[in-house]
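In what follows, a single structure is set out as structure tokens and then discussed.
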Amino acid sequence: MYEFDLERPTRVEDAVKLLSDSVESQPLGGGQTLIPTLKQRLASPERLVSLTGIDSMKGVFTDRGGTLRIGGATTHAEVAAKAAYPGLSELAANIGDPAVRNRGTIGGSLANNDPAACYPAAVLALNATIGTNAREIAADDFFQGMFTTALEEGEIITNVTFPAVRTANYQKFLQPASRFALVGVFVAKHDDGVRVAVTGASNDGVFRWSAAEEALNGDFSPDAVAGLDVPDGDMISDLHGSGAYRAHLVKVLTGRAVAAA
Amino acid sequence: MPKDGGIGASSKRREDVRFLTGKGRYTDDINVNGQAYAYFLRSDVAHGKINSVDTSAASAMEGVVGILTGADFEGVGGLPCGWQVTDRHGQPMQEPAHPVLAQGKVRHVGDPIAMVVAESLEQARSAAEAIELDIEELPAVMDMKAALADGATKVHDDLTSNLCYDWGFVEENREAVDEAIKGAHHVTTLELVNNRLVANPMEPRVAVGDYNAATDDSTLYTTSQNPHVIRLLMGAFVLGIPEHKLRVIAPDVGGGFGSKIYHYAEEAACTFAAKQLGRPVKWTSSRSEAFMSDAHGRDHVTKIELAMDAEGNFLAIRTDTHANMGAYLSTFAPSIPTWLHGTLMAGNYKTPLIYVNVKAVFTNTVPVDAYRGAGRPEATFQLERVIDKAAREMGIDPVELRRKNFITEFPYATPVAVEYDTGDYHATMDKLEEIIDRPGFAARRAESEANGKLRGLGINCYIEACGIAPSNLVGQLGARAGLYESATVRVNATGGVVVMTGSHSHGQGHETSFPQVIADMIGIDESQVEIVHGDTANAPMGMGTYGSRSIAVGGSAMVRAAEKVINKAKKIAAHLMEASEGDIELKDGQFTVAGTDKSVAWGDVTLAAYVPHNYPLEEIEPGLEETAFYDPANFTYPAGAYACEVEVDPETGKVEIQSFAATDDFGNIINPMIVDGQVHGGLAQGIGQALLENCAYDENGQLLSGSYMDYAMPRADDVPFYQVDHSCQTPCTHNPLGVKGCGEAGAIGSPPSVVNAVVDALQSAGHDVTHIDMPLTPARVWSAMNGG
Amino acid sequence: MAKVTMTVNGKSVSGDVEGRTLLSAFLREDLNLTGTHIGCDTSQCGACVVHVDGEAVKACTMFALEAEGAEVGTIEGQANADGSLNAIQQAFQDHHGLQCGFCTPGMVMSAAALLKENPKPSEAEIRHYLEGNICRCTGYHNIVKAILAASGQDVSAIAAE
């Protein structure tokens, strides 16, 4: 790792100030992706601003209407243990491994927007709102392609709000080495329609499979998606599976998520 | 009744206490006063011409102690290859130079170009980034068959081609085999790939070089399976240090699986730099570095043909293999696809005619050498896969086809130059069929199908040649080393025993199992026996631990030394009891005179040896310490039968192992608990090869699986509880313990079981799939089911 | 350099570290607690698992400064007060749950964290929990068996030895 200073502010405004001054700074969530990246010397910030000391960014809160709010610095383990919300607790309980879940945070995962990460699929399918120190960003506007988001320099995810949902389910098919999603599909049935979000499969990162949404709006059953074509033009093709295989998995997992939802 | 000590007892491992409390002392835990840290700048291209390496800016950076490049090693020897294979025309293999640091060219991603030594690792790394490299990239030689085409780019410009050797075995049988295949009732043909693997012991390699200018002594602490071999190779062939001025210490070593046999550049570089720079130098590999600098394993492409008569009797086998050597010859690389592979092509079967052709090829990849099983998994996989395919083609039950062809009379001389001393292949197969409830499979399959899954059963045999190896034989075959083992048994005055062995323990539990043997021989408690290993300053010589040889060869040396000690002790006892030496018996730690009630205790005799007041000084020397070198008369031949049941998800192609059973004949067994554990570990590695692990390069020679993000290691939820049985025991006939060795069996026998099972599952659903290349990832299985 | 203070295995310790100093480096190099091992650089092998405020974390993927004020537990602090092996360690020895010993500290620390949150885990739960701990020697059979045994469950039906 290159040399850097590590700051641990306890208030959001202090973190924002540190991230906005003239020192080249980078926010540090749980570090489960960033620290390995730093070890490879693929990043060289002058300063890391740890967000895990900010208590106001931690916690899982459900209101009576079924809305769920999760602080940006909340660990996967805490979401797994406390999120009484369809699909989300299981999703969190299967990210990485227990030690990773004890450190990794939802905000860190979303800000990184790894194309094979699980949370982006949940946020997109559940039509969640990303709350930052400056604004609120709709899920549909947040993800802007692999490792790219709507976040501005120095902007911190302080919380994520998930609206009440009728039913939801996440199906993850493991990439056998990294145990990230080779393909992950999150299906959510809202009062105003079905949303299907796919991670792991596309070179553009997480995406909504609109044809499946349309079909499921008419008939919320696995059979509804069986005959659909998955666009495979921009599918990831690598050591672990071709684009065609990923496209096939998208369909299979969507069907399974519908069945399990 | 289980024994509570000695041979055959599942004694708990004494070494566990230090490992379980964090008190193990691995090489990276060793810090030498004043040490500096090394970082190796490695090639990021697979093949390139080095125009210049400019270290001037880097040398001036903070903390830099010194920078060495290929030029600094020009007066030094290259890394030697320990085995010379002779090709089918009687010519020696092509053997390229292997400089410690690259000279002239880089030949694989990871090839070390410069060694930066600094006060801290991060400083060394920063300075390495400041080295200015001018490397002209050349086309990468990747595909083995293309590499042999006329006009192919050469990995080594001074060789005539990329062919290391074209080996035929047994060359005299070539025509007879061709004829037999031509005239056979049926020939089953299978083309397959034995996938490249990375050994991945959990402890990455480490080297700490130290030099004492006052005495001119060098010391190397290293993660090695054979410190004496490193001392010999590095001292004699690379750095020119006589063995009495070089000490190599391999303390607690966190696994090896073959990858820590070889002499590596970093060992020589750290030892050399310590003297050049006047500072101890420590290098610790990162895992990413390990993927591109530890020797890889396997990587064969094979076509096998099995000829049968109408009844399914095997008539002949012909194989054609391309074996990847990588960019240079690692220490024992040439022997793996030849003498450790061709000699096993008979398997457990009485096939009268066999011809094996192997073309070893240089490519721009990391060197390939022995990995758990080494050559024998490659032999077993192709043979047991082609038999399974043949059984389907002939409409014969796969177990019956095997049984029909089993060798049943021993000793048995195979047509591929080895003689099996003993075995009982029906017995292990009988036991296996009993364990797996074969008749119940149909019901289990029906149950899986009811759950939407395809179920398959794969059964196969294996045989291996272990206890490596008779020195005169391997010498004829091209080995540049003897493969004996040594042991010194030192008895102290108060009766305790220290065994200094050349076998190295890095997980195998020698510190527990070796004392069990001595305790039995003398009749003392195991706690009275201590094993010392891993330091060239102790055991007289050691060829080390690999090829399932520790108990068969190292244990035999220990027995021979202990026998000498006991013989001498009997002389002392005879003197003390005024009896004839021939009448002395040793049992339960007491020397007795046959037919009398006279006795003297072990401890009294050992005390007399060191306090020789009442002692036959005119006949024997005081003291009680003996050394023996044991050179095996033959290989040992562990064998067995394995079975795997899988479920395949027809929608995704995902394979789940439902059960795995292994019956092994290891001959006599010292510690059943440890033997079971060795099989378990081998099975996981074999299942890993079959389902998960794949060291892949792209066409430009970039390593695609360069970390655990892409190289799939077996995890706890990838494998089941295994059913392991070793009650079938035909003791080895030619070593004193009757042992055969158990370290590699699991990794040798298991890959075909898994693949046979998956093919069986797919065929059950009507898929016309006869083979899928490993690893059987979900994507590959799905693709096979869908006509890919 | 910044000063960091934490409690390690019940003892208060402090040291001067850089921002980039990993907790694993602080333990191994500053405190000479070399039982915490480094087996990879991508946070997957788990040889470095320690407890921070009672939770399993990978010490190679956390900065020492992030453990300021924390209670850190390492393999060196796991034995009973009289120095004898604790129940998990003893079960690993009894059931041959280790071979080369390199992954073992992380395995024991993960097993302890598992049994704390799930005192009687099933075989499947154990295997899933160990997703972040790679062992190359044992094939996991005896590790899973040892953890079952350490949790007081009967393992006599699981294959011999």
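For clarity, chains are labelled A, B and C in written order, and residue numbers in each chain start from 1.
By definition in this document, contacts are C-beta pairs under 8 Å (C-beta built on N, C-alpha and C of every residue); 3 or more make two chains touch, one makes a residue touch a chain.
It should be emphasised that the depicted structure is a prediction, and the values quoted were computed from it without experimental measurement.
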Pair sharing more residue contacts (C-beta pairs) when A-C is set against A-B: A-C
Chain at maximum distance from chain B, centres defined as averaged CA atoms: A
Separation of mean Cα positions, chain C and chain A [Å, integer]: 28
Intercentroid distance (Cα basis), chain B paired with chain A, Å: 43
Shared interface positions of chain A, touching two or more other chains: 1-3, 39-40, 178
Of all residues in chain C, the ones touching two or more other chains: 20, 41-42, 44, 131, 133
Residue list for chain B, restricted to those that touch at least two other chains: 122, 286, 288, 708-709, 713
Contact set on chain C toward chain A in their complex: 2, 18-20, 22, 41-44, 46, 49, 52, 55-58, 60-63, 65-66, 68, 110, 113-114, 129, 131-133
Chain B-facing residues of chain A, complex: 1-3, 39-41, 173, 176-178, 182, 238-242, 245, 248-249, 252
Residue ranges of chain B touching chain A (in the complex, touch as defined): 122, 125-126, 129, 286, 288, 651-654, 691-692, 694, 696, 704-705, 708-713, 718, 777-779, 782-783
Chain C residues within the chain B interface of the complex: 20, 28, 33-42, 44-45, 47, 74-76, 78-79, 85, 89, 92-94, 96, 98-105, 108, 123-124, 126-128, 130-131, 133-145, 158-161
Residue numbers on chain A that touch chain C, as the complex places them: 1-6, 8, 31-32, 35-36, 38-40, 47-48, 50, 52, 77, 96-100, 102-103, 178-179
